[in-house]
Amino acid sequence: MDEYSVIKEAAFRANVDLGRSGLVKATFGNVSAYDEKRGVFAIKPSGVPYEELTPDTMVVVDLDNNVIAGTMRPSSDTKTHSVLYRTFADIGGICHTHSAYAVAWAQAKRSIPILGTTHADHLTDDIPCTEEMDDRMIKGDYETETGNQIVHHFEKLSYQDIEMVLVACHGPFTWGKSAEKALYNSIILEELAKMALLSVQLNPSVRQLKASLIEKHYQRKHGNNAYYGQK
Amino acid sequence: MDEYSVIKEAAFRANVDLGRSGLVKATFGNVSAYDEKRGVFAIKPSGVPYEELTPDTMVVVDLDNNVIAGTMRPSSDTKTHSVLYRTFADIGGICHTHSAYAVAWAQAKRSIPILGTTHADHLTDDIPCTEEMDDRMIKGDYETETGNQIVHHFEKLSYQDIEMVLVACHGPFTWGKSAEKALYNSIILEELAKMALLSVQLNPSVRQLKASLIEKHYQRKHGNNAYYGQK
Amino acid sequence: MDEYSVIKEAAFRANVDLGRSGLVKATFGNVSAYDEKRGVFAIKPSGVPYEELTPDTMVVVDLDNNVIAGTMRPSSDTKTHSVLYRTFADIGGICHTHSAYAVAWAQAKRSIPILGTTHADHLTDDIPCTEEMDDRMIKGDYETETGNQIVHHFEKLSYQDIEMVLVACHGPFTWGKSAEKALYNSIILEELAKMALLSVQLNPSVRQLKASLIEKHYQRKHGNNAYYGQK
Amino acid sequence: MDEYSVIKEAAFRANVDLGRSGLVKATFGNVSAYDEKRGVFAIKPSGVPYEELTPDTMVVVDLDNNVIAGTMRPSSDTKTHSVLYRTFADIGGICHTHSAYAVAWAQAKRSIPILGTTHADHLTDDIPCTEEMDDRMIKGDYETETGNQIVHHFEKLSYQDIEMVLVACHGPFTWGKSAEKALYNSIILEELAKMALLSVQLNPSVRQLKASLIEKHYQRKHGNNAYYGQK
């Protein structure tokens, strides 16, 4: 037990669950858990199989990307996580995967259109796909710039309402109030990506869900008078 | 043991089976079981993971949507179930899912055409997709209106012959003589939705199965001289 | 133990394996095993879940469709099996499924083109799709006529070289020297159907594999100088 | 224990893992492990189910295709393996499968375009598809010629940078520093093949990933200053 045991445990559990989720092959994904008070997060060590993880293999990193605790190298995507924690107030976890349907939309450089109530139960807009990064960003501090690209894309969007994004030619990042919620959002995103792909195959001219239905589904689950779930 | 234990047990078992069926992610679905004599049904509590369910977590609701027994909130789709129980005489169970292939047809706003004998073994017509709901319905008593939309769509169809429907932009509802049969119909619907999607990809101009073959397959399984299954 | 125990055991094992194969939903499939000396075959009882089967639930039927042993109703597809046993000398087992990719080709009324060596390892030609049955056949002795339709289609084909067929608008039947081999052929057929569907999506104008490669792959596995497998 | 026990154990473990990987149906695949010092490799026996394998069923073969140890026939693809070991210096393992998405690209005779960072994490170019083999090669020493076709295709490519290939109309071969790595590459290839197929369905005009991003992702995992994985 140490002062980071809560976030190490949370990151450990979410990474193990990610490994069992069917979303990842090999070691293609990572989850982190944030301690807002201390300004540090625990993240998966880089390239380690999910079944070999323990809470003490988690690496604790501060928002300037310094390793604070742990003996292993953190995920190579660590700097992207720290940009998002620095910028998106109040989020408690981030998840990154290369799940196949979400990656397909990212590689096609298309946002995932909001086509039905499954999508509207979770967010009120398309799942956005960023612009491609330019060569300066790629050749510079790449993982930090990946975070910057996401943050830039959300200047006109609400990260509280839309807890997920596709980085063009790369794949999805999701976040939420906890590591567990961030992982949940990755699972939902993959299912929405699959449903939308099948839908546009059946009807290439299908259009966004009407505004009233988006609003209704979102409010019943997340609004002030929400009646989904237990009180 | 109480006077509702039969339907609570039936709803519990069908919801557990739904959770294991592969049709649902997270808590995207619910099954209910109806007691015609008492005019009440037992339904899944809202937002509770399938593995945490017990018979006593089921919520018993009457046809005016009053909670009769149980300490949890019923599924947010409860009012849709009650409309169907009020209108479709003799049905004993209802199942609602967001299974991916069925949702894809619903989001594409297309009925699933009857293309083969797998489909004809179960129903004699396309699996209908309702019209989109109008804003008045959405902004009003939404879940009740979802039921009304289904009922309206079946004015010209037989709910006894066609035990399933796609609500446009939403997903499937199925029913049957029991909760178990309603779940079975959701499993079948998803498989028919997948087969039909693959078929139209291979032959976009494929047409409905010929009437004689529809009739033959349905009669051998469901007709007066049915010879499918045991006597 | 009785005089039919060998074929009852073979049919039982193959039906259990079919249930575990992932090819079937609910009770959508059946396997039979043939005793050439006695002129009878053992087949799955109709509509019974795979996990409830035992060797003694298998139904023994002669080639005139008389039940010789067993207390349950045989599969509703029994007459199709008996036509094939009467006509295709030396086959020892038949399998019928509604596996999704094979059904998709059958519903699209397309033969599965031979596009690669996976296919050529098993047969030297397209997997044929029959013509649609006419109304006379459908309204007559339907299951017998389904067998006749297959037999008619093989007048110009070799049932020894091509151990599988798609019945248009219905699904696949496969056969082989044993029930186990017939099931194996259904598993292979489904995989070939999936590969071919994905291939024509990637290249709609793809053409049949060249004759020399078809011949080479088939001969190395099945020819006089075959060198696949153990001696 | 004998002088070949290391490669027999490595080949055994990789073939067992291949059988559990979901990449193969029946016995459609094989892995070999190479002992560079002795100039021999251990390979799966032909046509034997994965669950029946033991280290001692592995067949040890030299680079002239002579069986050095083992009582069973080696894989029918053995000569293709030996060509690759003779030509590609320093590789320690080879894997061959008929996984569905990779085969689909091979049957469509298309290289798999590099469309995203998942691909760029593993190789810096498209996954190449060879030309079709001509009749002389097919009718000659076929499996040796399959190896020659691969080697010919790599005259202008680096087998160190691109550890995988599609043989047109056939399927994938992968290699690496060990049998385990060769199998890993087959798993990755299948996932890349699936992602690319879904991507071109969503955007048929999608183009190769930009050079700077290919370079960045590859270098961070494999370059001199790689920071993926543990030191």
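All chains are identified by letter, namely A, B, C and D, in their written order; residue positions are counted from 1 within each chain.
Here is the rule we use: a contact is a pair of C-beta atoms (placed from the backbone, for glycine too) under 8 Å apart; a residue touches a chain by one contact, two chains touch by 3 or more.
As the structure is a computational prediction, the values presented were derived from the model and not from experiment.
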In terms of touching chains, how many steps apart are chain B and chain D, taking the shortest path? 2
Among the remaining chains, which ones contact both chain A and chain D? none
Looking at chain C with chain D, do both copies bring the same residues to the contact (over half shared) or different ones? different
Could you find the chain whose CA centre sits the greatest distance from that of chain D? B
Per the centroid of Cα atoms for each chain, what is the distance between chain A and chain B, given in Å? 33
With centres defined as the mean C-alpha position, give me the chain A-chain C separation in Å. 46
Name the residues of chain C that each touch 2 or more other chains. 201
If every chain is a node and each touching pair gets an edge, what shape is that graph: line, ring, star, complete or other? ring
Could you list each pair of chains that touch, in label order? A-B, A-D, B-C, C-D
Which residues of chain C touch chain B once you look at their complex with the stated criterion? 25-26, 28, 45-48, 72-73, 76, 98, 100-101, 103-110, 132-133, 135, 138-139, 142, 169-171, 197, 200-201
Per the touch rule, the chain A residues reaching chain B in their complex are 115-118, 184, 187-188, 191, 194-196, 198-199, 201-203, 206, 209-210, 212-213, 216, 220-221, 227-231
